[in-house]
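In what comes next, chain A is part of two complexes: it sits with chain B in the first one and with chain C in the second one.
Showing the complex of A and B:
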């Protein structure tokens, strides 16, 4: 086979996988999860409610996806997962309404959309991978994912609630000025952008420190080795 | 001039340096501030100082955080700080002007790489943020020729602008002479129509602004006003009222023509400005806010790379054709 044909096939397959594969399509992975952070992370209570819903839905669908792994085609598994997520969502919504009745209306359609978040679909596809599917590794992934989601929600919502409403967890805190604009979705995008930039900046710094630290250790080791050899020679 | 990578953020491409370009903007705005001082008193100068100080402080802080050297000859933060209060009522609280300036510099200018690299106009973004956060404060104006106290209280008479009257479908009861002299309520810098036109002329003659931009922008806006006049007024009245009220002229003179956030080719600039004129017209008719220019400008800023990319491709076609013609002439000469 000609090399150009192979390259063309690889390029096309990447595009195809990027569009069709649930685990690689950025719109499905990020686009279906991002709106929750952008639109609903305007107060700590909202963030807590959405995180609770996210936790419950993802744990249930993770267990379900392990149980039905390899027993049905992908589209059936996805439908089962989404169906189960919808049932769990309704139950969680009832729980949230009971716990925090004032915010369930505010969350509006997002509380329903959570049943179709990116993770639910991803878990359906994860189970298609070769080899036996074990519960623990899947649950470990879900725990990390859920924790990151909750932390992200809380970090984004804290300044937005304080600056926008002058409250924290619904309690009035003296604020110098109220900026109602920070409650709007555009500021959610800005917050997420800044957060990502901060994470990237910190990661780079840590990596740089690691490299410098590693080089320093290596130099010390070399110096010690040289000193020992000098002593032996003498 | 060949552009290395037109898809990247726009850059200043005049032969002058940043200091000269920004200096050209500062001088006309000083004239507008003089008019504002005449109409509203010394509070205007305090607003100017607050905004410029906030803007410069934020700029220096962001520059230091990003690990760059502070350039004392970079006046861009001063220009941003000067533009922001001019788009606001003279009675605006000081902290709102400061918040707008800080927002423009820290959120819109520096994350994209600072001066020469910002995709969006920082002043427009700052004013837009202030409008979103404080719509009531931003759209109630004091009457001109009333000296304002430093901290106006609730007893200060504040009225809506002619732009609001137009938005409601009414006809403003100000005559055109008063309006051209700036003797009507509105954003303190945007009401001095004659001074703004004189400043625009100065900028064009200095070469700081390409004439194609304001001409295309105002021509398209006026043509649309003429073609689709509002109810209760004829086409000429509509053109004058729509142009004089709000920030249409001021924005067209000082913000739309910002060399950093405009396309690079002359005709691309004209097309960009014409589209901005059409967008301002549509926003004036159908948007929620009476001052829509800053939102239009932010949307238009996002399209600059497209104008640059198409502009380069078309320029490439013309360049190729020119060389082909030259080659043909050479061949003909040899024969």
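Showing the complex of A and C:
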């Protein structure tokens, strides 16, 4: 097999693996931090505010988890992580309230509860794995996690705000129908359920295409090599 | 406040938190992976029991914090760290106390205690008591009701997952997606049963 073909296959495979890693994310697989998507993704402004808070809290707690990994038992690490997340939440809340002064009226207590999002405790648990915990892979994981969370918030909040309020980012947009019920938690549960099913369906299709595509390319290369080998023998 | 009206406040708030404002179905709190992927009903009862105990004990400290911060201009900044300290005190006391005096119990609760304590449902219930200006009886009643309601909701989610696992569900919907849709339908049904109407 030619080296250039192997390199091209590896590059495509990495892109495919990157897309597939979204489907293997703890938010998609385990439902970590989903309550915030279900309850607060009722408008684009809410989505932006909660995503910003999520980003800041998770980056700080991820770094802290790496620093205290192996130095304290899990029950202490969990408390330290949540305590640090609480402090960071207060600072982020102040920033968000400065940027969007009326956002607290819409987010209510959820802006405070983000300090207890499932990823904070999951990061404490992750640190129990044997061996040294490296910062870069953890940071890479955090980037993917926050990106998935932000995209989910955007996808769920956009139709809910448009259909529920007839607005987008607080600006009135004519809507064909107004369904105030979509702002309630039950619609959040149902829409997130469908979204997760769609992500799972898509990643399975990509994975199947990757297997079929890789097998087809490998078979073509073998056939080509065999033909060349036969020509040389002849 | 007379004791009789205190007890009646306690039970009224407990019933409110348990049924009318269930933390999982109406407030979408406490829905973490331990609840969504619970291994057995016994684990659910243990998990919910720990949550209820911590909520009840912490609510005594939280009601004191609410009373102290009621007229403060820094309430919005001090409340979150104060609640964390209250819950952390109870958490450490339970952990060290059971480890020292009840080792058999400690072995069962060691892994679930951090998750049941640092839970959005617990802190969410406390914020509700603060926003509504509850007194000590109402705060403890609400915390107790939230705990019992949370335990029942956890068991409902467990049995729902078991039922859905043997139902003919499309492949992409199996597991978490169909469970969330089921909880959404249940939330809507309970919303109507309580007497709310969809907003017009």
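Here is the rule we go by: the second predicted complex is superposed on the first by the 171 of 234 C-alpha atoms of A that agree within 3 Å, B and C clash if a C-alpha of one lies under 4 Å from a C-alpha of the other, contacts with A are read in each partner's own complex, and residues count from 1 in each chain.
Throughout what follows, contacts are C-beta pairs under 8 Å (C-beta built on N, C-alpha and C of every residue); 3 or more make two chains touch, one makes a residue touch a chain.
Every value quoted in this text rests on a predicted model; they were computed, and no experiment measured them.
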item	value
Partner chain(s) touched by A:35 [first = chain B, second = chain C, both, neither]	second
Which superposed partner A:78 touches (first chain B, second chain C, both, neither)	second
Which of chain B and chain C A:177 touches, first, second, both or neither	first
Which of chain B and chain C A:167 touches, first, second, both or neither	neither
Chain B versus chain C, judged by how many residues of chain A each one touches	C
Set intersection of chain A contacts, chain C complex versus chain B complex	180-181, 184, 190, 193-194, 197
List of chain A residues in touch with chain C within their complex	26, 29-32, 34-35, 38-39, 74-75, 78-79, 82-83, 86-87, 89-90, 94, 109, 112-113, 115-118, 120-122, 124, 180-181, 183-190, 192-194, 196-198, 200-201, 204
Residue numbers on chain C that touch chain A, as the complex places them	25-33, 36-37, 77, 79-81, 84, 88, 91-92, 95, 110, 113-115, 118-120, 123-124, 127-128, 131, 170-173, 176-181, 183-185, 187-188, 191, 198-200
Interfacial residue positions of chain B with respect to chain A in the complex	95, 99, 107, 111, 129, 132-134
Of chain A, residues touching chain B in the complex	176-182, 184, 190, 193-194, 197
